[in-house]
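Have a look at this one.
The chains carry the letters A, B, C and D, assigned in the order they are written, with residues numbered from 1 in each.
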Amino acid sequence: MLAISVMNGLVMGVIYALAALGVSLVVGIMNVINFAHGELYILAGYFSFLFASVLGLPVAPAMALAVALVFLFGLLIERLLIRPTYGNDMYSLILTFILSIVLQNAFLLIFGPYPNKPPLWVRGASDIFGLFSYGNQRLAALLSGAVLIAAVFLLIQKTWFGRIVRATSQDRGMAEWNGVNTTRLNMLSFGLGCALAAAAGVILSPVFPVTPTAGVPIALTAFVVVVLGGMGSLWGCVVGGLLLGLVENLGAAFVSSGYKNVFGFIILILVLLIRPAGLFGRAKL
Amino acid sequence: MISSSKWIGPAVLAGMCLLPLPLGIYPQHVLIVSLFYVMMAASWNLLAGYTGQVSFGHAAMAGIGAYTSGILAAKAGVNPWVGVAAGTLLAALLGLGLGALCLKMGGIYLSLTTLAFSQILHIIIVNEYEVTRGTMGLQVPGLTAEYSKLTYYYILLAATVLVLFILYRMIHSNLGLSFRAVQNDETAARAVGVRVLHLRVLAFTVASAMAGFAGGLYGHYLLLITPEIPSLDLQFYVLAMTVIGGMGSFVGPIVGAFAINILAEKIRDYGEYHVLVFGLIALVVARFAPEGLTGVWRSLGRRRTP
Amino acid sequence: MNRKRTGIAIGLVLALAFCGAAAAQDTVKIGVVGPRTGPAAATGAAFDEGIKLAVDYVNGKGGVLGKKLEVAFEDTAGAPDKAASGFERLVTRDKVVMVLGESHSSSALAQIEVANRLKVPFVVVEAWADEITAKNYRYVFRAGPSNSGVVNQTIAQWVKAETFKRAYVIAENTDWGIGIGKLTENALAKAGIPYESMITERNSQDHYVELTKIKAFKPDVVLAYIYGVGLHYFVAQAGETGVSPKAVVLDGAGPPSLWPDYWKNVGDYGDLECFVSSMHEKVELTPLAKYFREAYTKKFGKAPTDYKSRSIFDGILIAADAINRAKATDAEKLVEALEKTNLETTRGTAKFGLTKGGPEYHQWMPPMLVIQWQNKQQVVLYPTQAATGKLKR
Amino acid sequence: MLLEGRKISKRFGGVQALSEVDFHVEAGSITALIGPNGAGKTTLFNIVAGAIKPSSGQTVFEGREITGLPADEICRRGIARTFQIVRPFATMTCLENVLVAAVNRHPRRPRAALEPGARDLLAQVGLADLAGQEARHLNVVQKKLLELARALATEPRLLLLDEVLGGLNTQEILQAVEQIRRLRDRAGITILWIEHVMGAIMQAADRVIVLDQGRVLTAAPPREVVSDPRVIRAYLGE
């Protein structure tokens, strides 16, 4: 019981962290919460289902194409909806909230209410140390999620783009003063945030099929993780994601499975009360 | 502002009193639902439009009102009117608590906290189905012994007038001046001594009480309370109505609530697209006409009669 | 200055809104309620097919009262509040004379209150909670399974017949799930079979934790009362966690195991799963059942799978028959005619119980089967006299 | 001593905007705050007015510490301000702009009782005719005057003026300076004044504080300040 709950917690934690990375990146740089983050996750799931199951592409290119398309879609959203609202965080929140409802209903119209599922990468289940049996697809999701998170860290820590991102999220004014084109940077990082949502979507949709409204809990969890870890802190996302995954699954196993998701929200409110900047956050409110 | 059109308030009120008489049961139902949304949107507007607090917990407050009153009536046989009062009070207290909790935070944190509050409430209602009957819906008694659409219409109309009257008085009082100052420029408002934090908590408490009140009445009208009342969907409707009507204007949410509800009925004839259509309208309005329909109407008027 | 203009605007909007046109009265309209969206939207699709066939059938035989029969379908989304308001909309706006359908018990329980208040006959077709008929409302009928009927006549009998040793009952948190779960527990206790039970969230996508608890109990049969795609997740994850095939999983609702997405969502873990159904391709109880299969195949170019399309077909036939015998669309006369129903349908002869006091009042219980997927073929396991094969594990 | 700053420092990210600034303002004086762009003048204003908190140091007003109090509380204690870039309440009328300040000074008095006073203030700054006009329709000079009236409606004992003369022509500058003097002479309001127009300061100020690169360069009467080589160097560079 304990072993499988910890395992579940790890898998979900990695996925939460991945979904939250995108939110955190955008918050850190643009101070914008993208409410439609979950819907972009779902969109990527639908795309990869469409390319792989309907058009018959192999799994890997279908996933890559899905992520690329969502990235472009993210650029479009930034250009059309977010850019005019800079300086007014509330307005971008309202706009993306409306966008999330629009996307949900568009999905309903286009794909119907049924769950859709891209093909599995691997079939069957494995026996883990004789403790429990675990779906292979979930193990694959865990692995690829971890690899992707590592890649994002490399991107932020080691590249030219990452340096600009770090500089801007620390002090926007200084970055602008030093010649950073923040308009381009905003657009790019918003797109990257969306692409991270999409990556989480293509990894997880073979396990949890996508439905028009399945993005809501994903986005909510991502917000909880971001606040928990501290807005704009990437390490915070990973620690927060894993923590949340573990707490939820242990809570579900030993307290009440119905209240699984409540644990996350209670943590959120406690963190806001006690340490509003989050575990790794800047003390900026 | 008041002088040239003193007759308009009483005239609209008289019209609203007469309106349902020639109508069938179904249009009457649409009007009653619209009145509920007028209360919700107008009170949410006090938060988002006048004090810049984008709360995602307003529908949850309506849920607090509805479930408090509904559970008291269904399980303890409490008179529904007493229940509605209790629901209003509880919503006000929770509003006060949430408002105070959010004092330290601003902007996005407030939105996320209210979102978390609404989700926690939702999960509790679904899980405690032995008390709330979860997604199955709680059957509750009506406000009157005899069920009549017309009676409910007048009850909700009276409630709406009360809510709007309080809001109008607030907005047009000394307090309202400060509200509008905050809405215009928070930093400048603080600099002239406006107690922004007090105002916020006050607005949160009042708006929550109103949502609880509206939710309580609405539950007893539907006779069935489900987690759809404290849901993000309902929150979206309230937000879309306010944004489309015009955030931060007194008549905006009223116009928005009626327009959207009636439009919904028209669109329903062509299928279940109404949510998508509203979403798109709201998106376009929010992006290109941030002052909403009333803002557009006003600027049109200004152009014609300079 | 602006308020005058705004006042005029409000007036205009209101005036515009109520310029609806009245519909012409050359048809007799009945209403159908069911989920076209939401977790069980497939039921709405099945209802749609059944409605089309039934309307063709009835109008082909001269319609009702010399007029054409028309059906208005209102979506309930599987949500009780939408169900109640949809029901009310059918009666007050579309002016239907009778309402049929529904496949969610919680929705139906909300709707029977509206039916009773508006005094409109309501024939429930596929919502199983006992309370629906146990409330003994004059205007409420059920031409379909009830929880107690399904458990006591079919599921419990099957569990005994297969001599299962340990059972696990998992039920969703709805009126149907909680009700049928409780009835099943009672039946298992009476039969002396050790069991454990739990309630689950019907929209949950992740059942790993629950399945771990189930596995620890070592059951040889799991009775799953989860409706909608939630069942697919449960079946797939039962396979992944190794609960099945050690234990046989029974889908206590039926249709989710027949939906087109079933195999896509559960993969190989779907094989050997059992489910209840009132329809099987090789079991035809009446000539009308044969007609239905042929008409369905001809119209939709595929064989019927979801038995709920046939349930609504039967419901509409019962409604048309009652209207014709009542020679009126008046609610009181329709109730009297419904009470005298004696009509051959696809599932046998429909007759409503008239003894008050229990769920048998205004209830007709059609026979149900237990079927197992064996290499993607449906094999009838129970009742034994209709069986086409043996349980495989 | 009406206002005193003790070792005020403020750091923004990697930039030290103020370092250990000591200064004071005598009651009843007109004190000017000058310095090249980026010297930290507005930052110091914002700290005094409570718009931002200092990284360290204290501000003391009328003998009581006010460091870190919220801006509205500081306003109630008797410090009012104007903004370098005007911030009127755009969708409210001029009268309402002034009334906001008045009703928050006297929360218990009805609006009607406060209106004559507000109209008086508008008349004082020459905006009486525009009382019913929405503030967004004013020109920049009018907006500055409105902000001044609004600040006065809070009935301050210390008024912080941030470049009120920018954009005014010579004639208007003379009038404005006259008005500011009158405020001190007749209403007894102490004034701390950021300004670039040196002529005006020479005319009106009793004392000048010069800020450069976040430090106090000197604080002296205007005549001494203009002949101080350090000040000249700060403005003109080496």
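Definition applied: contacts are C-beta pairs under 8 Å (C-beta built on N, C-alpha and C of every residue); 3 or more make two chains touch, one makes a residue touch a chain.
Because the structure is predicted, anything quoted here is derived from the model rather than measured.
Asks: Please indicate which chain is farthest from subunit C, where distance is taken between mean Cα coordinates of the chains.
Replies: D
Asks: State which chain is most central when centres are taken as means of Cα atoms.
Replies: B
Asks: Rounded to a whole Å, what is the gap between the Cα centroids of subunit B and subunit C?
Replies: Comparing mean C-alpha positions, subunit C is 36 Å from subunit B.
Asks: Distance between subunit B and subunit D based on Cα centroids, please, to the nearest Å.
Replies: That gives a centre separation of 42 Å.
Asks: Let me have the rounded angstrom distance from the C-alpha centre of subunit C over to the C-alpha centre of subunit D, please.
Replies: 75
Asks: Find every residue in subunit A that makes contact with two or more other chains and list them.
Replies: In subunit A, 108, 258 touch at least two other chains.
Asks: Could you pull out the residues of subunit C that touch at least 2 other chains?
Replies: In subunit C, residues 37, 173, 201 touch at least two other chains, as defined above.
Asks: Touching subunit D in the complex: which residues of subunit B?
Replies: Going by the criterion above, the answer is residues 173-174, 177-178, 180-181, 183-185, 187-197.
Asks: Using the touch definition up top, name the residues of subunit A that touch subunit B in the complex.
Replies: Spelled out, the residues of subunit A in touch with subunit B are 27, 31, 33, 80-81, 84, 89-91, 93-95, 97-99, 101-102, 105-106, 108-109, 216, 220, 223-224, 227, 231, 256, 258-259, 261-262, 265-266, 268-269, 272-273, 276, 285.
Asks: Over in the complex, which subunit C residues touch subunit A? Could you list them?
Replies: 37-39, 41-42, 173, 199-201, 205-206, 208-210, 212-213, 216, 229, 232-233, 237, 239-242, 259, 261, 264-265, 267-268
Asks: In their shared complex, at which residues does subunit B touch subunit C?
Replies: That would be residues 1, 4-5, 8-9, 11-12, 15, 19, 23-27, 29-30, 126-127, 129, 134-137, 139, 147, 222-224, 226, 228-229, 251, 254-255, 258-259, 262, 265-266, 272, 294, 297-298, 301 of subunit B.
Asks: Can you name the residues of subunit A that touch subunit C in the complex?
Replies: Within the complex, subunit A contacts subunit C at residues 1, 4-5, 8, 108, 112-115, 117, 120, 123, 125, 132-135, 138, 208-209, 211, 214, 249, 252-253, 257-258, 260.
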